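Sending over a structure as structure tokens; questions will come in a sec.
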Amino acid sequence: MVNVVLGVIGTDCHAVGNKILEIAFRDAGFIVHNLGVMVSQEEFIAAAIETNAEALLISSLCGHAEIDCRGLRERCIEAGIGDILLYLGGNLTVGESDFAEVKQKFTDMGFDRIFPPGIMPEDGIDALRADLRGRGLELEIPDV
Amino acid sequence: MSTLSNTRWPAARLLASRPEVLDGWKTGRQVEDLEEAIAYQAAIPQAKRFSIALRVADPAGETLVQPRAGVCLVKEHINLLQALEQEGQADLLPTTIDSYTRHNRYADAQAGIEESTHSGHSHLNGFPAVNLGVHACRMVTEAVERPIEVRHGTPDARLLAEITLAGGFTAFEGGGISYNIPYAKSVPLERSLLHWQYVDRLVGLYAEQGIEINREPFGPLTGTMVPPCISNVVAIIEALLAAEQGVTSITVGYGQCGNLYQDVAALCSLRQLCGELLESRGHGAVHLSTVFHQWMGGFPPDEAQAFGVISWGTVAAAFSGATKIISKSPQEALGVPTAEANIRGLRCTRQVLSMFKEQQPLATLEIDREHDLITLETRQLLNAVERLGAGDLAVGTVRAFQSGALDVPFAPSREARGAVIPVRDLHGAIRILEFGNLAVDSEIKAIHRAFLEERAQAEGRAVTFQMVTDDIYAVSKGRLVGKPRSQRSTMGRRMP
Amino acid sequence: MSTLSNTRWPAARLLASRPEVLDGWKTGRQVEDLEEAIAYQAAIPQAKRFSIALRVADPAGETLVQPRAGVCLVKEHINLLQALEQEGQADLLPTTIDSYTRHNRYADAQAGIEESTHSGHSHLNGFPAVNLGVHACRMVTEAVERPIEVRHGTPDARLLAEITLAGGFTAFEGGGISYNIPYAKSVPLERSLLHWQYVDRLVGLYAEQGIEINREPFGPLTGTMVPPCISNVVAIIEALLAAEQGVTSITVGYGQCGNLYQDVAALCSLRQLCGELLESRGHGAVHLSTVFHQWMGGFPPDEAQAFGVISWGTVAAAFSGATKIISKSPQEALGVPTAEANIRGLRCTRQVLSMFKEQQPLATLEIDREHDLITLETRQLLNAVERLGAGDLAVGTVRAFQSGALDVPFAPSREARGAVIPVRDLHGAIRILEFGNLAVDSEIKAIHRAFLEERAQAEGRAVTFQMVTDDIYAVSKGRLVGKPRSQRSTMGRRMP
Amino acid sequence: MVNVVLGVIGTDCHAVGNKILEIAFRDAGFIVHNLGVMVSQEEFIAAAIETNAEALLISSLCGHAEIDCRGLRERCIEAGIGDILLYLGGNLTVGESDFAEVKQKFTDMGFDRIFPPGIMPEDGIDALRADLRGRGLELEIPDV
């Protein structure tokens, strides 16, 4: 059984995608700990430790991802969960921008996967399955 | 905290809490002198008063156009608004506030301002009016020719209101429910209602001095398949609460659901019922107007498709006879629009509005039926709120949300049960799949159920949550009603 | 020239005139063997047959989307069509023919082809199918997966029909009136009717061999404020003439006027009356479908505004339940659209159509009233034509245009009197200001006059030609009804 | 009194603008000889000679202006009316293109004024008045 922590970071209140991601990841066989919206970095890290999570699935829709995510990888390392998978999706910058640049920026900040706006949950699920497999973890896929 | 009740605050109560409010951030000091603020407002030309534009447009049957827009830096924001009023021909202007300010996190907003100043472009998703202060607000409101409204999503907007009203804005969006439930996670409803009584009372104080500030409850709530009776009852409650504090110009709003008949009926029912209730509760002098929001849910990423969504919303707004329409841009799905994209949204909206303008209003059986249904539901909800509050609307609201008698779907706030689950019927109208404790009677529940069974049968599948998910994605994938995977068209392909 | 009458040509008559037709240009030789052409058509997969797509869509209540498109060079044209079907998701494809070919000026077309080959981009405003010949047509029709129609505007389209049908196209637009009066200056109507009997008879011959070719009278005529009764009667006459020659699949069309109620009523009246007449004249076996053309008059140059016009047309098409819609691009005012712009028009159209798709049909009093009025007017016109022809529809048509009993506003052709002057009423519906000799009775004239007086009064000016001019520019300047200069909004500014 | 010849060149059948231009130029005080649509170069020149016209006001909407107008100035010269004003308006090329380029192309072909798509008749009228004034001809402006 693989635990993941889900939430929307910062002062961001966009809740719809979060609710759908919870259902989709749960239906895909993950144990989802959904912290909802407006989650601070500290809350994410505490939940990850508490649930022994393999991944933090972070959404940021409102455009403040850069400010809100700054230093997250470093804090994970400090907290002893430096190798946790960090996923980030949503509308990451203010305004339309070149996704390649956005991706580079957040990769440099220590995120493992960065998703462009409006993707379907399956894209995240497939990626997580692949990454877990890469780490020797295989997820039993439930019958859907 | 003083206890909540729907009675007009004595001016002294507001003045007593003012110092603490102004202490929220250092710019609070700039508004200590309320007289000065009022005098400043008094000098604003009529053409720039929001409520006057509405008072003129409404009887003339005009639908005014207003975009959403706000960036971090003053100069940049002024350029943006000027472009919107000149090239975009917006009738009414907005100033959208960033989301740190919305949560009173002025220190974070300050960091955003610095980052933006440094990089030369906006790192904040709005205009941080509190941090920038009264002078900056006045620079903005003086730089344009049309009325400007503060648009935000702030549970505690007291300081924001103080600063922006002193700054010359003539309209202020929000309300204790509509700017809490969809916009926050853990702000007690009682607290946000009290804080919005402060705002309304402040507007009332201005009104007593002859300065009319327009107030607009935020109609669309979570923007995602909100059943019309729910958004309408919230708008009506907030209108009544505002009127009680002395607000004299109120615009009630509604976010497009997508089914034309339901949309037209919803806005008409809202206007009628709200007008009737204001009247019967002694607020007949309030000037009531309406606002229709183009599609508030997820947009298609493709710009041409987005133009289709924008136009379809405009058609519904035009048919519903709204006093104003809030326009979206073709870049909605991607990010805060550039001025240029925002202008394109405005021009498309205007074109459809003007082509429709002279045409006869829409009157159909479907509209009548929806109108009756929505009005009935809304009355039941409102009655429940008053019953729970033992006659007090404010107290009743808190209790109704606690018990689930009132609820908002997809809300992030813990103050809403979130037990109501909406879904579309066969024709795309929003119906309720799960009612939770929503205070409507069994007859109404049966009507909704029957609508859903009709769809289930047509699609050959049971009414389940899968339908809801399909519906949530539908518009962004090119349609209104979410079809089972097997029946989907090829238009909505996965993004790369 | 043989004399005109609405009777089915013996096959021998067509075969006798064929050699002369095929002599029109050197590629005519390629189609000498009609058997080969029919065998080629017989091998075309069902999915690529136009009439089948219509026969499936129509009962299902689907509205299919079709753009206009045609460029000079084969490779370029194939790329264009593939882009339209893949990225644009067009259900039906077009091949628009250049205007030299339309006037049988094949030598000029040849010059255009050479110039285009030389410069690498299209110097012709369409695909010169005659010059390029059968093989090129087959390359085109084989390169795509959806049905393709030949769209043009050719008074004498006999050679074009021979070559494109042999070339694998499965639908052919036009008719003896609709492809003469709006498209030519001095082609006698009698002659074009005869030439189109040839085309229809050719299609009839194919039909006798089990090959169904769809035929589509060109509904919008001059595209400029054509009163619905006029375009409807022309479509009906051409449908009846085509059916007489053995055509079995007919799509009657209508170009958007702009007032929603009139548009919905017009298309419904057209379908109903045409169906009734086909039936009562022994052509009940014909499969009848309808096409709605998005706004055919001058477009706004601004793309965002153009998207508004495109969407508004789609709304009307959706409400009217048309079997297909012909889409425009946001670059309409500027020039032949790029593939990319054409695709954007398609995507916007599709979005609006699909969001509307499941919604209830529109039924209003205004629609009923317009429907009755249009049907009555159309019947009067048709009766007059038959009376003038002493029972013969073809002969009657010639005489009706001669006398002005039938007329088309703004037509370039000397064969139409051009005495009818249309203008919008207060609500934007097209009415008739000057009737000339148009064969409608005084009651109908009084109804139109009353509508116009209503507008005149509202605008505080007399009904004059200035209103007409204002109306012609209106949509391109951002509205439907042309206002007096003093009342105009600021949106429609002069181009630089 | 100033005579002008108006018409749509080539195989172009767009008639609406032509009808409006006729009215507008007439109302502005010109004597307009409108040849309608589908006018050949020969017809334009013959009409100009016959009416002693100061200008040929040529429309081309359908995109074939370049092919249809080629050699017109030369033919005017041959016909002895080499200094007649040549105006051209409409949608001159196939497809959207840079108007500056289009203008250059037709200027090189001997046109005096070239108008972009969708202009109002007044733009043409103002230009013609100015050009006539430049040639010492003043038009009595009628009361409108």
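Per-chain numbering from 1; labels A, B, C and D assigned in written order.
The criterion applied here is as follows: a residue touches a chain if its C-beta (ideal position, glycine included) is under 8 Å from a C-beta of that chain, and two chains touch if they have at least 3 such contacts.
Being a predicted model, the structure only gives us computed values, none of them experimental.
Go through the assembly and pull out the chains touching subunit A as well as subunit D.
Chains in contact with subunit A as well as subunit D: not a single one.
Suppose each chain is reduced to the average of its Cα coordinates; what separation in Å results between subunit B and subunit C?
So the centre of subunit B lies 45 Å away from the centre of subunit C.
Nearest whole angstrom, what separates the Cα centre of subunit A from the Cα centre of subunit B?
Measuring from centre to centre gives 30 Å for this pair.
As a quick test, compute the distance in whole Å between the mean CA positions of subunit B and subunit D.
Between these chains, centre-to-centre, one finds 54 Å.
Which residue numbers or ranges of subunit A touch two or more of the other chains?
none
Go through the chains and record each pair that touches.
Chains touch in the following pairs: A-B, B-C, C-D.
Which subunit C residues qualify as touching subunit B in the complex?
Within the complex, subunit C contacts subunit B at residues 89, 258-261, 300, 302-305, 307-312, 314-315, 330, 343-352, 354-360, 362-366, 426-428, 475, 478-481, 489-491.
Provide the residue numbers of subunit D that touch subunit C in the complex, in ascending order.
Where subunit D meets subunit C, its residues are 8, 10-16, 18-20, 23, 36-38, 62-64, 66-67, 91, 93-97, 116-120, 123.
Which of the residues in subunit B end up touching subunit A in this complex?
The touching residues are 99-100, 102-103, 105, 108, 111-112, 115, 121-125, 153, 182-186, 222, 224, 297-298, 301, 331, 333-338, 341, 410-412, 465, 469, 472-473, 476, 494-496.
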